[in-house]
Every structure is written in structure tokens, then in C-alpha cells.
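Shared chain: subunit A. Partners: subunit B in the first complex, subunit C in the second.
Right, the complex of A and B next:
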């Protein structure tokens, strides 16, 4: 399937955005977020960006206080996902201008809109920033 | 932006953010949910804006991890709102909150369908996205044709078609029987001609799903994929928006190459040539550049190209190019590239003729086994395991063994299992194999399941040349000070059977062999005793000329166990005793064990089974799959159940020419079990019931055998009447806001309970619970601290420090700084006891919750009695020892007053709980107790301690205690320890005021807290103290 979930978590382990592409119960999600946050946040800059967890991998990247964690199947191309995270950040950056944790926190709906334009059912739909942002801009204009 | 921003939502988010603790957050969330619930109830008054705002709040609360069990209907109803902003929220929130089987979704199907077939393309997009994310069967049934139509429609814009492609993918994957894809090859080919890269990207995902299911149908699409790749690689007609750091959509390139890996081969020479040109350019033209993102993106493409080249099994030259590239990668500093280099090299092992080239990088791979990053270490281990064969097994296995001593716990089990499998599969000779397994048992006994040592016994029994070597090795290991119980088992078995082959060597007379085995006797659990008894019987038989002294000694042991509660032990003891009186007839009955029927290594079989379950792609699985297909990408449809051919068993080749197939296997098992049926009655060397079951049955790689032992202790120690000793200032929680936090339960009581049992709660307050679980073996202890966050927000600034007393070596593994909400963190703790002392290790633990800084100092139950092992002694053993330890400082006596009056039986129980074994009948006076135990520490090693307590039936508050051991400090410390257990100490001087356990720390308490010494002694120098006493 490719991408199983996208999580944004800050240094303190607080979830700022969670999008799952497979159904998990609340308890499963809480447990999963706890486990992977514990595993990934403890790692140093000198360690690689891939962590094996249960039967899948987490590809993660840190931007200032925010961690982007993407759960993928074992055979997924890790570097492609790593750069996909960056593409997501660049896209948010283009919209918010110098995006920071608070932008995502207070504009959760927009973060969701963007992610929704980029990933669908665990697959990448779109990688052009202009195309990704078009619906949001349209909405900003009309409302 | 401000215009459609939702103020209420922002205020709520900001309120949540300002909550200083989890409780406040929960209150705020509950309040909000209550509010939303009421507002939803009188829905008439709600504007679409309000509805939208509330639904977003619900999503926010859901993301925080709270259950939102209402309002789903409102979210779904927003889908049918006429305006885009409301509709959009309805679709997005519905797909986050509901799963595909939710009843409410059914209500929305009509609206969704209307949106999909309607003219408004923004509505179409929303509807397609939601169905693409959570659409189930009913959606597939009613929508699939419409979605297909949209995807192929020429009048539809790309923004709709790209979503239609992925929507169709979902419907097809979930319900392949409903979505008809017959004849889709032509349509797919048409789609792959698409110029728009967005549509192409999502169509490629759909294509991968279709082709992975049935590549035969899509041959015509293959050239199209190559064409796309060529277009991207040559950067023709790629809009700027789709190039990423100068690289034409790396994601589409990767996906296209992935699709190509589902075709077994490329027949058309032209297509093949074009493809290989492109691949060659990627392989050779990817340079390392400074920009991280560009570098990652180009390497993402490169690694996919490598995978495709490997899959297509190109010419030898290109393959060696790939290996050379990977060889370069595994040596670079950049950890991501190193990781991927190792991972892809493991995949490369599937291509048979590159294995020799990969071996050139063995040194580098072994170096990666010591990388600080566990992700990389795991890849290295997997690769080494996969690349191991007869030629390099010695080197690799020896490296694994060496690494085992320093490896972290997370990897030890896997390491030892893999080393054991490789040693068995590829052993150049059997003595090496035996040597490796004995080393494994020595270094990681806890992880060596019984089946591994059973296998050693089988090989040794079946190979005469091996027997003297194995016996000599076993004899060597028994000389070590601390021997793992598994080692005792295997050594006793081998020495019993083959010890006589060593007869002329120094230190190997029957008596000496008996002594060295019997020395371990006090430390072993019941499962080992039967093996020891068999060994003794065999030793006795092999003693020529008969040695009456040895015989009496062994008979005494048999006698002792004739009344053992364990039936297996009792039967063996009784039968051996009876048989050994028969003299020469013994020879026939106790003859050497017959050869074992050969069988497939259960260990390897088990490993293979486990691999099939484990989702992790490891080398063995890859290799197994290689036998079935050469497709690199493993799809869900691949027939994973097919059993791989049995591995070439080197060991089998040495002495056992054929490998039993599964059929032979079962019949062989039957023969053996029949043979054993008679064995149990006649042959005095029957494998125990467990042993038999384990040899024959499917093997479970079991956890450490300590568990069983531990549970026994628990049974013994589940006794009330824990010594009522009050605590000094041992527990001193300090806090910035000390009065805001009250521990739950009595810390001192918890500590005392844990002194007598091995698992339980050490500390608890409203935020955290610290549990402990311990295993003790000789002078080693392994404790695991379980730090459990009880709240829904994280505990931060978590710190744990151990303040060890001088006699303990304590190593605490890394404690995470943050404990996530409702999570439990495990921190293993290794303890080594250097010498006898009653001082206590202290855990200095602190964390922050909101603004509360909490600091507690907790005594760790790594106390003297944990290093004791009860041991029964007979009168013949006791009295000579008692007499030889004639007086101070090795034997100390003291009259103790102020004893808590206890019935004798209860006192005996209490000593038992402290792992002092009461030996009834040794003291003729029924008012006295005699007990024995073994104490373990690095300086004293295993040392026998004898205890005698004389009570006065007329005055139960006083008694006389006598302790003897071979070490003056130990004697003193043990005496004081026993006094502590028996004396009723008045409630400790807490000073005036309420004696709450929560007193602010008067000092930083760097030194370990005062131990529970009865008298204020200078406990640090027991020697001096002793001198004073004497």
C-alpha cells in the first residue's frame, strides 16, 4: 500500500497532526504513537532516518521542534519518502511562509487539506506545489 | 485567511495548549465535548459555520487521543451541505473519524455519488478522495463504473482524473471481485501515454496494483513504462513544477521502476536496450552532491535502479558495477546511504553469482555490526547472516560470538539464535560446532533454548571422534566460577556419558569429575537435577576399580532424593540406587546411549517457520523466496506457504549422509518414542519427559529458563508478616511543590515486599508507577524497571540515577527523557555483587509533570538475600563443615534480645523467604532451627553458609544465633541480616511531627541511605567492627 500513516509530533511527544491510511482503534493509535515517538525521538542526528518497527518502517525527519514521521511498508523506497516529507514541508512553507509548529497547530484544517491533496489511500497523488495548493487558494479567495 | 479562520477553534486549541497538565487538558476537552454535544442536540439553531467549527474541534480532540463517540452523524451530514467549505469539512472529518464499515457511511452513498457524477469538479475531487480513503464494498458496488468513466474521460480535467485513479485503486484492492478489470490492459496503456504528471503518478500506482496481481495481462504496457522512464531520465517535457531539485519527479521515476520489477523479464530487445541505457546512466551518473535534498532524491532513484538491475539479472559486468556501488555505499559516513547499502546488499544476495564479490566487503560489514545506530546494526546482522556459507562461516560466526559479549539486549537473542543456526548449517567440522555452541551457552545462556543443546548432545552421541573433545570442553567450562544452568545440563550429560574417555588426563578421575559437577548441584533448579542424577549413575558405573568413598557419596545423594517431591527425580534416584547395587549387571543396563536417529534440525526448521511469520524481510526468507520466483518485489499474492527446500546441512554431511525428509522425520520420531517407552523402565538414562517432548516436538525458541525458577521463589515468598522494620530516612522525595504530591501506598512496605519477591510495584504516585521485575542468578542480577506514565500527557525531564553502594556494580541502561502518555518504558538494570554487604542501592528518580518537579529516592531491592540460593544439606555434609569452621571470625555467635515473638514454624517460614533453607532433623533439639544457603559474590564466589538458631521456649523474645561461613565479612553481614529479619525495631526516629513518608530532603543524600543496621555500626568496615566484638 505504501504509506500507512503520517504523523507530526513535537519534541515533547505531543501529536500535532495524525493521518492514518489504515483503520486503527483509538487504543491502537495511542500505543503506536507512544512506541514510535519513544523510538524515534531518542535518536541522534548522526543516526539514520529509518527505524524498523513491528513489521514496517518509520521514515522520519526533524524540522526544528517538529518531527515528521511516516510509516511505510518494508519494501518502500525510503529515500523517496524522506524527500516526500521535505516536499510536504516546502509546500506548507510556500503557503504559510516560514512554517512553524504553531502554523500547523492552529491551522490544522489547512495542514489536512494539503496532505489530502498529496496523499490518498497511502499513495502519492500529486507532487506539484502549485497543484497541491490550488484548492486552498481557491477557498481563501471565495470565502 | 482571517476571513475563514475559525476563532472558536483557535481559542480552543490555544486553551489546550495552555493546559499545564494532562488533567487540566482532560477537563478542558470534556467541557468542550459537553458543549458540542448540547449544541448538536438542538441542531436547529446551528449555522453551517458553527457546525463546521464544532466538527473541526471534534477532529482535534480525536487527534489528541480522546474518544469522540458522538457527532459522527453531524460530520457525515455536512457532506450534503451545498457550499464547498462545509462539504469539504464533512468529507475530510468523516474519512478521519469513521472506518469503512461504519453504518453512517451508507447514508451518504447517494450524496457521494451525486457529487461524483455531478458537474462541479471540486465536489468530484472531495468525493473521490473520501471514497479513495475509506470506501468499502457498497461504495465499490455502486460507484466503480462511474469512477472508471471519470478516469478515462477525455473531457475531465487532470485534477479529477488523478483522484479517480487512486479511488479506483482502493475499490479494486478492497473488492477485486466487484471491480471488473478485464480488458483493462488497453485502457492502462492509454493512461500511461498521459502527458500530465499528476495523472501519471497516480495511474502508475494503480498500474502497480494491477500488474502485481497479473503481469501476463499487461505486457503491452511494459514499453510504455520504459518510455516514461526515458522521458523523465532525459528530462523531456517535464514541467518545472514536477522537477524536484533539478530531478524530474523522483517519485514517478521510482514508481515506474517498481512497476517494471513485476515483469519477470523483458524480451523485446529494443525495449531492453533502451531501458538498460537509462539504467546505466542512472548507475553511473549519480554523483554525491552537497545539497541534501538533491542527493537524497537522486539516490532514491539510484537505489530503485539498482533493484531493477538486480531483478533483471543483467550482464555480469553491470551486476559487478552494482555491487561495487553498494560496496562504496556501505563505507560512507552518511548513515542513510550506509543503511540502504546494507539493505540492498542483502537483497542482492539473491543473485547467485555475485555472492563472491559481496564477500570482499565482509570486513566493512562486520564493522557495521558495531555501528552506534541499531537500525544499521540490524541490517549488518541480517546481511552477515545471509552471506554466510561454508567458506566464511568460521569468520562470521566468530565475529558474532565476539560481538555477543557487548551487544545490547535488544539484539542478543537474535544474535545468538542466528549464530547457532549458522554454526549448525555451515560448520566446517564438528568440533568447531560444539565449541561454538558451548561458547554461546557460556556467553548468552539465557537465550539458548533447550533445543540448541539437545542438538549438541545428538551430534556428540552420534560421532565417536567428537566425544573426547566434547567431554574435555565440558570439563573446562565447569571450572569457571559462574556457570549458566544450561551449561551445567549439557556438561553433566556429556561428562556422564563420555567423561570416562578422559580418564588419564589430570583432573579427570571419576571422583574429580563427580566433584566438579556436584559443586554446581546447589545452584541448579529441579529441571537439572534428573540430568545430574543420571550423570552420577554413569560416573559410578565407569569407576574402575570401584571407589567405595565415591560410591557412598553418590548413594547418599540418591537416598536423599528418594523422597523428593518431584516424581521424575524421585523415580530416578530410587531406580539408580537399586540398580547400582547390582554390581556388574549395572554395566549392561547403564550402557552408553544409543545413537539418535537423525532428523532435520528442529532449530533450523523453527527458524524458517518463524521467518514466515515475521514480517521482517530477512535473508532466509529472501533466499527461500528466491527458490520460488525471481521477482524481487514480494507481493501479497506470492505463495509464502511453499516450503523451501531443506538447507544443505554440513553437519549432516560429515557423519550423517542423508537429510531426513519430512516423511522420514515422522517415522523416525515414532521409532524413537517407542524406544524411549522401554527406556524409561529399563534404561537408567532416560531423557526426562520434557527433554523428550522437546526433542520430538516442534521446537519453541523459549525465553530465558529463569522464569520458572522465579515463579518458585514467588510461591515461597508470598508470605505475610514482612519484617516490620521502619525506615530511616531512606526515602526522601524532594519537590518544588512537595505537598502537591502524595505517593500511593507505603514506599517502605513496597520495598520490603520486594526484598522477598522478585516482581511488584516499587513506587507509585498519581502520575507514575514504577514496577520492578528481577531475575537473580548467582552473583548476577537483572532487574527491569517499568516506568509507566499513568496520564494522557507525557512526563518530561525523566531522570534516573543509581547510587550504588561499594559492593554492587550497577549498570542502568538509558532512560528516555520523556515518557509518552499512557506508555510504559522498560529500563533494564544489571547488577553484579562484588562482596557481601547489607548496604542498599538507591534509585534517584525524578521527572517533571506540568510545573511539578518530583524527585524520589528509592531503595532498590538488590539486597543481600537476593544473592542467596537455598541449598539442602545432609547431616554428613553439615557437621564436618560446622566443625571445621570453629570460631570467630568465620563462625560468630550472638544472643539476640527483643525478638518479635513468633511460633517456630513461622520463623522457619520467614527464613525460607529469605532463601535460607531450613534443614529439619539436623538439630536434635526441636526448639532449634538449622538452615543452610549458598551466597554468591564475585570475591567469595559460591560460598556455603550455615545457620543455627536456638530459641528459648520460655521466652520467645530472645534467641541465640550462630552463623558460619568461609568468609569473615560474609559471616558478620549474614548474622546482622538475620537479626534484622527477626528483631522488632521500634518505629524509627522520624523526629517530631507527622511521620509522613514525604519529607523534604534535608541533604542531597548523595551517599546511600543508612542501611537497616540494628545497631548504629560503622558498617563500612565490618573487619574493624568484628575485631571490636571479639
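Right, the complex of A and C next:
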């Protein structure tokens, strides 16, 4: 299904956003996030952004204090996923203006909303920032 | 209560308050959260939807980030969902998509909510419910909401349609019959000019095609158009993925797409697209030489890039290319080898994988040498990865690439001494395996194993215990190649063996027994003056007169060098030799007795049993041996005879050679008369109850493990144990072999080959101190130069292989991907179901080219062949009839609800269908199938 999950984790390893595209129990999620965070956060800047974990790959990228981790199937294009992460960050940047960890903490539902505009069933369905943000901006205006 | 509710509403903490509170709390996060959860549990029961929704929002937050169960709020979420306010709906949908799954009980109740929102005029409500559906849809939801989704697939609102396309994927998976309803509309969206729509629909097809590519071959022209026209990299990547699946199925398609893909590769600046092109070429189009060349150039660019990501991906791509185009790896060998010392462990592992792919007969020694040196300097993890890949590469296909087994035996010995080595089990297996398979390596192997055994330091590393057990077994089994058996006995009985597991100690004891028997046998032969075994020539008087018990205590390492062969020292007098041998034997007996005394009271049965056996044996012969030696020199033949018989018997039992046993040996034993083998073991199941019987398809593996067990020293020892305990069994075994000789390997297979191997190069003489990168680069310069075969001075020794025994018999060919209902449905829609029906009528098969038909017995194959055949047929005007018949079928399946209306036109009235239908509605629908058929028949045109 392409993308299996999207995680945002801060430097301390606390999850700031978790979006799964397959059903996992709370315990499975807790274990998975623990393992992945341990694996990825230990890596240095000079190392590549791809980690194999269980039967899938994790593509991650660090922006300031926040790690964006995306779990994908093995035949997914790693570079495209990196671009996807970048697109996500840019989109949030455009909406929040210089997005930071706090923005995501306090507006988690919006971050989820953007993500849902971009990805359905693990497939990327929308890649235009304007299109992604259109509904959310409309909602902001009406409320 | 109402008051409390009002209080809740007025003073309810918002999510923001909660988060702020959590950041400032002083009571500890868990305490704070459980307090918040209490609040939420109270608030969520409120009748006020705002309060309820805020509570739900907070709950979603805590569930998502702090792993708190929110299933108790499932029903409340539904209540919030029914709110007319959009903001509430949003919260509810978020909570539902977070917590609902197939087993949620209230899932049944959501159908109407979703249906209402799916048909709402507010496009955002529709979007929300579609998003939610894409996460929670189960079979019932997918079935019940298919009509709504069908409608939405052609809505004019782009953002809704896009999501309807996205949700189709889940609906198809859950409810394949939806394909018959929605597939056509989905395909129409593929032709849409709106890039957003194409992007979404291509994503869906990419996923669908990854499950069952063959069904989507008829859509190839559409995908091709996108491949050529689209400028959206996301879309192109997805289309490339689709073609990567389709191209191997249809060579004509592969030929068609290879050029456009190369165009993209040359033109694009986007690395992601470039990488996808490269990957498509190397995975699916690797037979197109020029395309592969271009791809390799691009891979090279990746490898040379500073970005570790590109480097990693380049290496990955390279290892895919290596399967068919090893030259590509050799061309980049320097980069690959340099990457072995990269800072990134992932890159290291990839380059190790590639290096191992370059290994061939001619360079295996050098590469292994360098890698081993490198392993010494690496951390434990990478070190063991290196060892594992050397072991698996060298043992591949029964040691295919190994020519010099002496070298390999010493390599295994050396590996064992690497401090981080944790590959004990694998090395154990290989030590025993090469011993049994390669007769010529045994002297060297015995030497290597002696080295391992006499090193007391190795006993301290528990990862090596398995290796030591193999070494003990080899030393016992091939004791005739030992220069100094006494030293072996000492090593086998050294006090530190207490560190070993009982099972391994048992092997030690058994091996000591074998060595003892061998010595006694040789001694007795000497006394008779018949033959002299080579080792007795090499015994040194000095060793024999030394205090053995002391050397037992201070471990026998020191003895090693003093034992070195100096034939000149040995007195030519046979009397003197006997004299020395006599003491030698007595000392050995004493040593064994002393060491085994305490063991006979061991708690472990294996150890106790074996020790008792040996002690019993010594008791039996000791008297005689000592007596006979009282009159040294003038040995009386009569007294010796009895002892000689016993020893002879034992020696015989041990010198039976153990060869590998073919795994099919058991099957070839004819079934004796009167033995009824029940085919059905149901009765047994009743008896065994819940003990799991091996399933039928596990038998091949069973037999494999049996084969492996032959390599396992323990089972060998058990066989031997049996021999030794039942004296008659030797003759029984001999008889058995005589009768069933064909089931055993001829043990003299390799005797024709000379045994005069020069010793392998002393590994230690290599310069270990050089910098590893230099080493590696040197390797790059030297090892990968393809060598002439003539560089091997000696012939490869015979490696015993069993005719069919070394391959695991594959019970049945792996069946074709299961034709699940989804692909069936897709195929029905795209091709009509007739193809499948036609398979049963054999007459249709006759027009196929015979070579295509040969050997394709599986019915799935037939179906696929048929499908292809049909595609081709469709160009043929004579097959128009059948095509139309299919359309009829297809229509019937696609719109089951309209079946009644169609019945009339469909009922065998194929001729009528050819002519245009007067019925307007009918004609309109008739267009649909002909559209699909258009594509169907287009494929071959396009492909040709």
C-alpha cells in the first residue's frame, strides 16, 4: 500500500504526530514507534536516510528538532518519499509560517488534515500545496 | 447532574489547555494524563455536543500520542458524527479513523452516517467521509456504499472525485464485486485531462497492479500515453512502477516502453524519477543492453555523489544489476570496495553484499583474506556480517567456488579465532561437511582442528563451543592424520572442557575414545610387526617420558611444538619403538582413566554413559595390555589375541566411513511385503490429540533437516555409540550396506586423486598491519582482474555430491499467484469472462503454437495463455463474434441490477448485438463495453 505510516518525532523521541494507514493495536504501535525511534535517531547526519526495519523501509528526514519518519513498502521509491516529506514540511510551513514543533503540537488536527489531503490508503493523491491547503484555509476563514 | 454538565461545559479544558497543562504539570505526566482521562470520561457523556466533541478531540490526542485506549468512546464518536456542525464532524471523523477497525462493534451503525455525508452537497463533508471510509471500510461498508462511491467517481467536484478514486482501492480489496460496478469509471478517470485526477488514479492502479499485474495488461496503452505525455514526476514514478510489473509479462510491451524510459532517464533532473527509471530498467528490462548501459552510467553518478542517500541507492541498484550484468559491478568495484569503510553501516552492508557478488573461483582466496582482515578491525555486528557472507558465499552450491580446500579449512580455523566471531553454528556445520565431502582435505582439516582444540583460550568463548565440538569430532574421526594422538587426548580431556555444554562434552569424550582405540590398534599392529602406521614414526621419546599428568594440569599447549616431526630421532630398532609405544599406551590409558573417573559420576547422562563405556573398555583390555608388556620384547601371541580381537572390533566400528546420505535414501527402500502404510493418518490424529502433525508440505523440509543431521556430529556419534554398544551391529551394518549398497555413496570415490597437496599459504604471513583502505584498494586492483583458469596449479579435489540429495526436492512448483476474487473481477471487466470458460474446451487450444503449449500443465497458465490469445484473436475479424459474445457477458456482470432489462438483448442474440440497437438506453450502455473492448483489442495493435 505504498506508505504505511507517517511519524513525527522530536529529538527526545517523543511522538508528535502518528498516522497509520493500516490498523495496529496500541501495543503494536507503541512497540513499533519505540523500535524505529531508537533505530533512526541514533544515526548521524553523514549517514543515509533509509533504514530497513522488519519487512519494510523507513525513510526519514530531520528538520530542526523534528524527525519525519515514513514507513514504506520495499518497492517504494525512497527519493520520492523524501520529496514527499519535504512537500509536507513546505505545506505546513506555508500554513503555519515557519513551522515548528509547537505548531504541530497545538494544531495536531490540522497537521492530520493536511496529511489526509495528501495521502489516502497509503497512496499519495495530492501534491499541490495550494490544493492541500484550500479546505483548511476555508475552514479557518469560516470559523 | 445537569449542573455538573453545565459546569463541564463552562469550565471544560480545551485541547490547547490540556497540552499546555501537560507541559507545565508538576505531578508527573502519567498522573496528569490519568486525571485528564477522568475528566474526558465524564465530559464525553455530556449531552452537549460541543463538550462532547472537545472531550473526543482530547481523547484522540491522548490516544494518538500517548497510547491511551479510546475504544470506550466509540459510540460517543458516532453521536458527535451526527452533529450538524462541520467542526464536530471533523473531530468525530478524526476520532473514528483513528480508533475504528474491522472488529469495532459499532461499525455497523456508521453506514447511514457515511451514506448521508457521501451524498451531502457540502463537498468537504463528502471529503471527510471518503477519507474516513478509506481507513475503516470493511466488507459490509464497502458493499453498502459502493453505489455512492460509483456516483462520486464521476462528480464534477475535483477534490471529491480525487478522494473517491483513492477510496476505491480499499473498497476493491474489501469487496471485489465492486470492481464490476466501479472499474469502468476508474478507467475513465485515467483518460481525464486533469493532472490531479490522473495522479490519484495512477496511484490506485499502481497498487492494484502490484497485486496482480496481468489483469491490467489491457490498460497498457493508457499507461503508455501517460508515460510519454505526463510531466508530473509523481505520476511518472507510479506509471514506471506499473510498467515494471507489466513489462516482464509481455515482451512486446517491454520493447515499446524501453525507449521512453531511457528518454526520461536522459532528460530528467529529478533524482527520484531518474532513480525510478534506473530501477525499472534493472529490474524489469535488464535484457535491453543499451538501456542497462545507460542505467549503469546513472548509477555511477549516484555512487560518486556525496549524498549518502544516492550512494546507498546506487549500491542497491547495482546489486540488482549484478544478477544479470556482473560487469556493471566490476566496472565500479573501487567505489564499492571503498564503501566498505563508509561511516554508514547500511552502506557498508550493501557494499559487502556487492563484494560477495564479485567473488569467483579465482579471487575467492584474496577477497576472503582482505575481508577477514577487515572483519578483525570492525565492530562485532559488521564483523559477523562479513563472516556470514563469506561462509554463505563459499558454501554456495556445495562449495562450488572453492578449489583449494586446504586453504578453506584453514580459513575456517582462522575465522573461529576472530574475537567477535559468533558464527559457531555455521562454521561447525561446514567443518564437518567438508570433512565428509572432500576426502583430500582431511589431513589439513585434522591439523586445523587440532589447532583449535589445543588452544585453551577458545574454550572461554561460548560462541565458539559449537566449533570446538566440530573440531573434537573431526579429530576423533580423522585421527589417522594426527601427528600426535596423545596430544589430542590431552586436549580433549583438558580441565577447561568443564566450560562446555554437556552435549559437546559428550562429543569430546567420544572423540577421546576414538583416539584411544586408534592408538591401541596401531600399537597392537606394531607388536605383531605387521605394519607401522605413519604416526608412530613421528613420536618423540621426549614427549613420552614427560609427566603427562602435569601436562594435563597445565594444559597441553606447550606440547605442541615439541611434538614436531623429526623422523631422524626415532630409533630404527623395532624393539625400542615397541618399548616406547608401550609406555605411550600405558600413559594414555592412565590419563584417560584419571580424567574419566570423576565423569562417570556426572549428573549428565550423556557424559556419564560415555565415560562409563570408555572406562569399561579400558578395564577390559588394560590387564591384557599390561601383562603382555611385562614381557616386553618377547610378546606371546596367544595372550594378545583376545585383546587384539576386541581392539580390532572397536577400530572397525570407528573406521567405517560416514558419508553424506542422500535425502531420498529412505524413499528408495522398497516397501516390505505385508506392511500396510496407511495413506490417511486420521486415526493417528485421534490418538495424538493436539500434538501437531507435520503438514504434508513440510516433508521436503523434514528430509532436509535429516540430511543436515547427518552433518551433525551428535547424531553421528549416536550412530557410533550404537555400534559400539552392540557388537553385532557392526556386522549387521555391514550386511545392511551390502544389501542396500546403492543407497550409500561409494566411499572410494576420490581415491584416484592424489593426496599430495601443498599446504595452503600460511595466513599469518600476510601483512595485517596495512591500513585497511589501502588493503581494500589493493584488492580492487588485483583481485577482480579476471584470471585465466590456468593459474590454478592443482586440480580441484572431488567434492562428494549426491545425485539428487543436495537439492531440496521441491514438492510442487510454487503455484501461480492465487487468482483471488479481485483479479478475477478485474479480468472479467477488462476481458470478459469468456476466456476462462474457454479454457475448458480443448479444441481452442489446438491453434496455439505448439511450443507455447508444451509443459504448461497448470490451469492458471492456460488461462493466462488464453487471455493473451484472446487479445491477439481480437484483431482477427473472424473472431468478432466471440468478442461480441463477451461483451454481452461483461455487461451482464458489470451491471447486475440491470440484468433483467438486458436479458432480452443478451439471450443468445449475438447477431442482433452486431447491428445497432434501437433502444436508446441500451445503446448507451452498449457503448461502455465496446469502449473496454476497444482497449482490449487495441493492446495487440499497440504492442506489435
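The rule is short, and it goes like this: the second predicted complex is superposed on the first by the 143 of 143 C-alpha atoms of A that agree within 3 Å, B and C clash if a C-alpha of one lies under 4 Å from a C-alpha of the other, contacts with A are read in each partner's own complex, and residues count from 1 in each chain.
In this section, a contact is a pair of C-beta atoms (placed from the backbone, for glycine too) under 8 Å apart; a residue touches a chain by one contact, two chains touch by 3 or more.
Note that the structure is predicted; figures quoted are calculated from it, not measured.
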*May I ask you to decide whether A:86 touches subunit B, subunit C, both, or neither, giving the answer as first, second, both or neither?*
first
_In the overlaid three-chain picture, which partner chain does A:12 touch, first (subunit B) or second (subunit C), both, or neither?_
first
_Just checking: does A:63 make contact with subunit B only, subunit C only, both, or neither of them? Give me first, second, both or neither._
neither
*asked:* Tell me which touches more residues of subunit A here: subunit C or subunit B.
replied: B
*In the overlay, answer first, second, both or neither for which of subunit B and subunit C A:130 touches.*
first
*Please identify the positions on subunit A that touch both subunit B and subunit C, taking each partner from its own complex.*
1-2, 14-15, 17-18, 21, 23, 26, 29-30, 43, 46-52, 75, 77-80, 82-83, 105-106, 108-109, 112-113, 116, 120-121, 123-128, 131, 134-135, 138-139, 143
*Considering the complex alone, what residue numbers of subunit A touch subunit C?*
1-2, 14-18, 21, 23, 26-27, 29-30, 43-44, 46-52, 75, 77-80, 82-83, 105-106, 108-109, 112-113, 116, 120-128, 131, 134-135, 138-139, 143
*Inside the complex, what are the residues of subunit C that reach subunit A?*
15-16, 19, 57, 60-61, 63-65, 67-69, 86-87, 90-91, 94, 101-102, 124, 127, 130-131, 134-135, 159, 162-163, 165-167, 169-170, 196, 199-200, 203-204, 206-207, 210, 232-234, 237, 241, 271-272, 275-276, 279, 308-309, 311-313, 343-347
*Residue ranges of subunit B in contact with subunit A within the complex*: 1, 3-5, 10, 13-14, 17, 56, 59-60, 62-67, 84-85, 88-89, 92, 96, 99-100, 122, 125, 129, 132-134, 159, 162-163, 166-167, 169-170, 173, 197-198, 201-202, 205, 239, 241-242, 244, 249-252, 254-255, 258, 293, 296-297, 299-300, 303-304, 335-336, 338-340, 372-373, 375-376, 378, 614-617, 633-634, 793-794, 796, 814, 816-823, 825
*Under the touch definition given earlier, write down the residues of subunit A that touch subunit B in their complex.*
1-2, 12-15, 17-19, 21, 23, 26, 29-31, 33-35, 37-38, 41-43, 46-52, 54-56, 74-75, 77-80, 82-84, 86-87, 105-109, 112-113, 116, 120-121, 123-131, 134-135, 138-140, 142-143
